[in-house]
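By letter and in written order, the chains are A, B, C and D; residue numbering begins at 1 in each of them.
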């Protein structure tokens, strides 16, 4: 079941999903992301972010942003959660929830979308929108025409 | 004037623009991207890419991918073109064309979309699709719900 | 106790440490790095790397390299181990061991040295040299005149 | 001609070079770096940096840091100068000068050392030290035991 409604993705009209089962599971995932944001190392931005990744097997890996004095060395919370999972042998993901302590309604940066798409497009990205409601989009919606692993095969 | 048609962005239905003036300008921009790809330093991927960036003032900056033995150090053609422009005092952009010698129909990676969006969403990204035709999308279409400069303002 | 000897750092003459206690502890750390390299996701380089990080509290965090179709998105094993530790609340480190399955005697790339230095200079980097012997250097030796957190304070 | 003296690289004792010809050439290069820092796009750090790269052919390419709302997307001045040169067909470098408007005496971050080493170790890195004097080191001194292009050859 799905219906079109006001969304936080600007001019591109996307279809939000109504799905009570996902809603309940994603709410728990977001709670894990909120908790993970407490570990954030962000002395330069003072902008703590947490992420929680749900694997196909039902396991949850959490991450936070880790900044660097040379800003380009910074790694976001989403990428932290994913490489933790991969380094423990998990590569199949269902959803990733993200929480910015200071700002709601923010979708991942392009670098993290790129990093996630290496492991699939059918992964839901979950956030709290500015109304405090849970909202999610598939990575495919967030990175249309993605450049992924298959793109390098000639 | 615009009409809906078959596109290379998968399931997300986008509207392609028909615009003879842009078509002519973007064709030249793509030619510059093709030429720029010859400078590519890509000993690890053997995947030369070129980019050409059109500023609001009508100036063109070109770039190529520059790889690194530590793969994470690699900088794509799109980012090369943009930082060249910024380092010469240009920060307002109209369009960026991209050319992969080995593959047509590829849109920029998420990292480059992120880098471009720092300087605006109303920038057209131009490629050759798999049919050999010119195709373009605004960055806003390629990075819906982007995380940009205004996102850090609380 | 220390003595000057042949080393793998080229023309810069450094002093290697002889320290049986560290030797035993670092050997175990290297074994953990070897095991961690099995989790490596490296379809583009086919160059699996593992890392194992020893915290001040004696806890070990492991990591592997995780590559991306857009090479610049790649995250090395060393950074993976560190952000895992930080995201679990550990920020004080004693040593990090690194293992490349295909090559011995390789010290970390500059990006990882930069990432490690955010958390201290008195961290030993441990590798197997080309003779199959354990060898280590402090980060301070590997990144002389580093650009760290204190560098941004005016 | 060379002599040992007080330097800004901490505990690692390095030998500074006295070389009037280089001194004069590097002073001009530093002036170009100072001028390049005016183009810096650094709304997040407010820390403008400029770089000037001298090619083997005697050509100078300048760069500045270009930051991103997602900090990890930031590209430093040194890398900007190098990819500009590569994208114009230059890959052989003699020296790179760096200038931080707010801080003197800072050597490049590890990411930039990594990026430079792809194109050689015998490249001088030039800065103004805290005494206002010109100081330089070869990249080999700044990245001992580097991980470079040859490191990937098994």
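Observations on the structure shown:
Operating definition for what follows: a contact is a pair of C-beta atoms (placed from the backbone, for glycine too) under 8 Å apart; a residue touches a chain by one contact, two chains touch by 3 or more.
None of the values given here were measured: they were computed from a predicted structure.
Residues touching across the subunit B and subunit C pair largely coincide in numbering: over half of the numbers involved belong to both copies. Among the remaining chains, B is positioned farthest from subunit C, on the basis of C-alpha centroids. Centre-to-centre separation between subunit C and subunit D, using Cα means, comes to 24 Å. With centres set at the average Cα position, the gap from subunit A to subunit D is 36 Å. Shown for subunit B are the residues in touch with two or more other chains, namely 44-45, 67, 69-70, 73, 75, 109-112, 114-115, 147, 151-152. Listing the residues of subunit A that touch subunit B in their complex gives 8-12, 14, 45, 47, 102-103, 106-115, 117, 137, 140-147, 151-152, 154.
Across the complex, subunit B is touched by residues 44-45, 67, 69-76, 109-112 of subunit C.
Subunit D contributes residues 36, 39, 41, 43-44, 62-64, 66-70, 73, 75, 79-84, 86-89, 91, 111, 114-115, 118, 147-149, 151-152 to its touches with subunit B in the complex.
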